[in-house]
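Here come two complexes built around subunit A, the first alongside subunit B, the second alongside subunit C.
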Partner chain A sequence: MIGAEDSPGTGTDDSQPADGGEPPSERFEDVDWASIDADGGGRSPLRLAALVAAGSYGLAVASDRLVAGGDPTIDVAFGGVAFVWDATAVDWLFVATLSVLVFALVPLARNRRLVAYYWRRFRRHRPAVLSLAYLLVIFLLGTVGTLFLDPPALDVAAAYQPPVFLSVDASIPTECVGPVVEGRCQGTWRYPLGTTADGKGLLALAIFGMRVSMQVGLIATLISITIATAVGATAAYAGGWIDEALMRYVDIQQTFPTFFLFLFLAYLYGGSLFVLIVIFGVTGWGGIARIVRSEALQRSEETYVAAARSAGASGPFVVWRHVVPNVSNSIVTAATLNIPVLILSEAALSFIGLGNVTLPSWGQTIAAGRGDLATAWWVSTVPGLFLFATILAFNFLGDALRDALDPRQEVGR
Partner chain B sequence: MTDASPLFEVRDLTKHYPVRTGLLNRETGQVRAVDGIDLTVERGEAVGLVGESGCGKSTAARTMLRVEEPTGGTIRLDGDPVTSDDRSRLKRFRRRAQLLFQDPTGSFDPRRSIGDSVAEPLAIHGMTDRARRRRLVTSTLSRVGLDPSDADRYPHELSGGEKQRAALARALILDPDLLVADEPVSALDASVTADVLALLNRLRRELDLGIVLVSHDLAVVREVCDRVAVMYLGEIVESGPVESVFESPGHPYTEALLASIPVPDPTVERRDVDLVGEVPSAADPPSGCRFHTRCPAVIPPETYDLDGVAWRRVHRFHSRLERGPSVDLDAIRAYAASDSAPETAPADVPTHAVQTALRREFDLPSELGDDGAEAVLDRALARLAAGEREAAARLLADEFGTVCASEAPATHPVGGDDRQQHTAVCHLLDEE
Partner chain C sequence: MGLKWYTARRVAWAGVAAFVILTVTFVLLDYAPDPELARIQFRAAATGADAETAAEAYAERRGLTGPLWERYLEYLGNLATGDWGWSDTRSQPVLTAILTALPYSLMYTVPAVALSTVLGIAIGLYSAFNQYTTTDYAATFVAFFGVSIPNFWFGIVLLLLFAVQLGWVPVLFDAELARTRPLSLANARQLVLPVFVLGTSAIASTMRYARAEALEYVRAAFVKAARAKGASEWRILTRHVLRPTLVPLSTILVGDLLGIILSASYLVEVVFGIPGLGRLSLEAIRRQDTALVLGTTLVPVLVAVLGNLLQDLAYALLDPRIDYGDR
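What follows is the complex of A and B.
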């Protein structure tokens, strides 16, 4: 035997402070596994938090549906400012979606250095950074802003007001809110983006439209990627007939015309946003499931999966801890590119009058302004620009994420 | 040996993979990757498992830890059979027997820190206390020669040697009794290899750890192991104490492997043992002794008086006819035609010229030195030239059949009585 004792730092190194109170000198020989086996193991704080969140969410939904009934869910007044929110089914789904997103941030917070590394790679794409900022604004306005803003109200007297800094022939608005200069009605700050034929402010409409778009895009995509990840990862990891059955089902589902299903359900139950979101969510995951499966197939062959298995990990543990995190880059990219498709589909359905007509969605507003393009061009144009910018931003974001998270570019780092 | 049961005992372990072909995925054959191996490891003992790549040693390593489900055989830890029926028992086995992988880079999840990965077995086995896991990771990392702060680094930030140390820490953190190391150093460079092997040796003594070291590198085995088992095509052909096997190998295959170790001293005279060709497919292993197609010491038939070289060439020719790729007669005819008068068309080449070309193709000597044998070989070549490959092979089998190809050899002790544990599976030892 040569060079027996040459490795540096052998023996226990007690100088390192531990984050617990006890010294770090506990050695693996000292672990009493019999007591750990008997103990059965507790729950990690994160899992506990998730359980508590899921439980209180269930309770809140139940109380809203069963106890509150038709009354507002939240009706509080502090110092003259009343906060009234009657949560709809879609709102509850949205709350659930946002809670899941919050929990998805936990691994990001735990691996701050890895996140910083990906952020540096992402930052190189200027348009994507701008897109991210824009989307954050849209998201915050749509979710938080709409809670505190009044929904756009009917005011026939204020119809067809032009946007601020612009003017229109004074004969077009019913009554000009701003000054009339040389026979032209000037836009005012009261309606910065003008108004519709109903006199609804387009800024408020656009902001409430953000909420609809975010709800459609985020909820349906979350439903989709959840199912897609579960199906894709299960198919890849289990293999055999399970794989075969799941993927053939995906084939069939992909040929199914979702549009006609929506028509059918809209005919039966009315074209509510809830139905639209659920249909998009539960039928739109096929493509993502294929992506997840093909990625997961490769990841399942990695040695670290074999290492976890040989240490005694169960199949679900391996899928959850190793396979899913390592295909998350594909999932995130696919999700980011799925959202604009859904937003656009919702706008299209609303535009042709198949959505909920009382909902201030962008598509609805564009459709409403369709007849006035010659006189009040801004009615269709303002929500159209928001729609355009949002779709573009998501696409930029998706492309940049694909580049930043692509593991093939990590070689040699 | 005492009568107490050994730490780890594998009996008649087999792993066959089905070969499926066709539209209906019907099973048309089996790859016998591991075909009945026995292995015993005592506490604190290191046993080497050596062989060429493709001989099934890595499959054997995975199968004996039930990472892959074996087709047959028994595995015992401390005398208790390990089966997959009892899940809690299998999980306890997973804690006590660990696998160390060849590729240190691939064995770490690129999205998890080293500390996370090293702590993972603890979490799997129910230790929910994060701070305690962290303490154990810290102390274990320093015991394998890493800095405790390496726990926060990511796999791509560590060198190959550091990663293999971390992999060792992960394998040890459950305080196993048995470590199966599958080519632990073959991905590392020489100086790092020496460090890692020294570390392995030290930990073995410290922890009284039983080790199965799978390697193609006999030098590595000699450095770490007490005993060694030599594997060929899914079977163990020789096993015994390292010194005994290395000093006086009982099997021609072991001899050939030993001869392939580079000796840094050019003045040392080396036995020139030629080991030609590749390991045959485990889907269709040769009959009798599996090594006979490549054996430098294959036993000649008694009916003919052939010298060693001529006999081995004839035998190899025979093996190739039986198992090798098909013979492209057209190419050989064309070759013979180009060799003879320029106007000869390949179809008109005389038979004897084709036979000469065939001799060259199969590396056969022009004279065997035994008239009877020469006549048989001529007939066989004539049949082959006529396109009757099976007939040629049958003739060679009838005339030049050897016990190596027809009968499976038995296990024989090698060396004196004091070396009872050294055994080899070879017909050469039959007479003794």
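What follows is the complex of A and C.
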């Protein structure tokens, strides 16, 4: 009611519409809060879209599991390009994770001014901007690119091809695909990054490895931050013995060195990608929960929380509506820094052979090339470079996000 | 709350934590599928014998019969008395296997920890005194590099470069040499790369913490006062900044370094072929020797429990301002 200043001379009758549709609501007491609340809750288009997405997702999963069974989920051919995708459990989780990400980003994208503000702060970190670009490329190649590429296939004849522009002694590859110049096999554009001992192209392997890494990093982190936020916010808001019990549990979980926890569980329950992701997600949230708790404790002291409570808001409502959104900055930062740890853990477990051996994970490829260091150095080096660059990029990104999103932490930096 | 009461509570909590972890491990072990049992059942079925009888005989042999709580008590008792089980693949007690492997692990982790701590604190302090200079940025980059580079891959690349291409260090670790002449030059040469790889990952966090902690004091009033009094920069550095920095740092070091060293050394050993704890554990995993896997996992866990305890006690001793009620 911005323009409606109270001027004693004018009666409210003048401003009333002739057809008498809506009563004037110019004074604070006249505002019909119930109807405003009803408009704001329940039926917003975003919520509707989220419901529709969740519903169709549920249907799609059900149809894949019950109807399609062992058949590919999608099998269409347009213009000679066949598009076959047999979604696994991990794929479905990944789709769910990406949809949650999209719906989490919509409210932010609507707020142009906020986005511009964050972007200005973020832009100051040149390495982080580069990292973001690199990660977007990796992400798109890994998710969209792998749908259209053929998975790397066994081809013994093409084993040990060197990367393009490089050459090795012609005795090393089984059969040189490219030209042999002065007894040295030249790399070709058919395998730009060379091939492994099985003749699989390293570029294709690296791209499929991107998908594995992104799936591990994003899905497990989403599981982690969901649990961590619930636990941290509950502990901070409830206090008392609930806080004590929850945080003591986190203490114990944190004491177990993460890597050995993953190692032990992967050994006991098998190392399929799905199990690995669940292990990472369900056991790796302790640190984030602590951050959420300490942040939420500070937010709970704020006056808006007291105001909401005195207005009669219930505990869970206050946590969900006021505390969690106000600690989301810390959650985003912690999540970004959690992703590289998980990607590295997955690579390490694959490297020592605890992962799924058939999966084109980067760690797997590095391990495969270890025996050929003297002859085919590129097999281990190439996927390792991608792994290193991805982890570095996530660390740069997380550091810059902390600066951009969290003005409270500027002291001492 | 006084220091004594705090110490007592903290020690008791470490005991509880260790107990809970052991219990959880027991439950996990109990519910996990047993590859050995499956193999025995398969073999029995293949030869026409009754799979059930074979499974029962196996359980009898392993002491897996009886009610759950009885086995649980036995498990706890065995662990407490140092009977950590029998390694089938190595035909020796698990504890013996661990004790044999331990010196090889210590041989490179101790120098790596010492080097990374001294260098990390030195570089961190230098960065704090020269904030936002090129050197500071370089140090920050080195820290990011150390945190981000996958240890096992870094080890492979260094092996490729210095062992395969240049031939400066041996490709294969000679365990016999390390055992008979641990202080020889030849042994030092083969340990250089593992120490370096482990050091890079450990130095990064030390450096960042040292820089952040020292920054709190670089502009403190007492440092300004010392400078106004005419104290030399070196004296300010060692007397006024380093000392308060060391207090939080010493505690961070225990907990944080431990985690890094424990997990990093695992992969470093695999890459360099050092027959330490990591290799022992990996061999146990590959050959599905569950008793040995459990033993080699419990060692780092118990070390971590102890490390956390020492960290908290060190903090309470070194910093009298600590609030004992806080966690």
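We adopt the following convention: the second predicted complex is superposed on the first by the 348 of 413 C-alpha atoms of A that agree within 3 Å, B and C clash if a C-alpha of one lies under 4 Å from a C-alpha of the other, contacts with A are read in each partner's own complex, and residues count from 1 in each chain.
Here, a residue touches a chain if its C-beta (ideal position, glycine included) is under 8 Å from a C-beta of that chain, and two chains touch if they have at least 3 such contacts.
Every value quoted in this text rests on a predicted model; they were computed, and no experiment measured them.
Engineer: Answer with first, second, both or neither: which of subunit B and subunit C does A:A62 touch in the superposed model?
Structural biologist: In the superposition, A:A62 touches no partner, neither subunit B nor subunit C.
Engineer: Touching A:L130, do we find subunit B (first), subunit C (second), both, or neither?
Structural biologist: neither
Engineer: Could you tell me if A:M247 is touching subunit B, subunit C, both of them or neither one (first, second, both, neither)?
Structural biologist: A:M247: touches subunit C, not subunit B.
Engineer: Between subunit B (first) and subunit C (second), which does A:I391 come into contact with in this model arrangement: first, second, both, or neither?
Structural biologist: Second partner only.
Engineer: Under the stated touch criterion, name the partner, subunit B or subunit C, that contacts more residues in subunit A.
Structural biologist: Counted on subunit A, the partner with more touching residues turns out to be B.
Engineer: Kindly classify A:A374 by the partners it touches after superposition: subunit B alone (first), subunit C alone (second), both, or neither?
Structural biologist: second
Engineer: Between subunit B (first) and subunit C (second), which does A:N326 come into contact with in this model arrangement: first, second, both, or neither?
Structural biologist: first
Engineer: Quick check on the superposed pair: does A:V144 touch subunit B, subunit C, both, or neither? Answer first, second, both or neither.
Structural biologist: Neither subunit B nor subunit C is touched by A:V144.
Engineer: Just to be sure I read the superposition right, which of the two partners does A:Y269 touch: subunit B = first, subunit C = second, or both, or neither?
Structural biologist: second
Engineer: Which residues form the common part of the subunit A surface touched by subunit B and by subunit C?
Structural biologist: The overlap between the subunit B and subunit C interfaces on subunit A comprises residues 413.
Engineer: Taking the touch rule as given, give the residues of subunit A at its contact with subunit B in the complex, in rising order.
Structural biologist: By the definition above, subunit A touches subunit B via 1-13, 16, 18-20, 22, 24-29, 31, 33, 36-37, 39-44, 111, 113-114, 302-304, 306-313, 317, 321-322, 325-326, 407, 410, 413.
Engineer: Using the touch definition from the top, list the residues of subunit B that touch subunit A in their complex.
Structural biologist: Subunit B residues touching subunit A: 62, 65, 67, 90-92, 94-95, 98-99, 101, 103, 106-113, 117, 120-121, 124-128, 130-132, 134-136, 138-140, 142-149, 152, 154, 156, 167, 170, 172-175, 194-195, 198-199, 201-202, 207, 223.
Engineer: Quick check: in the complex, which residue numbers of subunit A touch subunit C?
Structural biologist: Against subunit C, subunit A makes touches at 247, 251-252, 255-260, 263-265, 267-269, 340, 344, 347-348, 351-354, 366, 370, 373-374, 377, 380-381, 384, 387-388, 391-392, 395-396, 399, 412-413.
Engineer: Which residues of subunit C touch subunit A once you look at their complex with the stated criterion?
Structural biologist: Per the touch definition, subunit C meets subunit A at residues 13, 17, 20-21, 25, 28-29, 32-33, 144-145, 147-153, 156-157, 159-160, 164, 212, 215-216, 258-259, 262-263, 266-267, 270-271, 281-282, 285-286, 293, 297, 300-301, 304-305, 308, 327.
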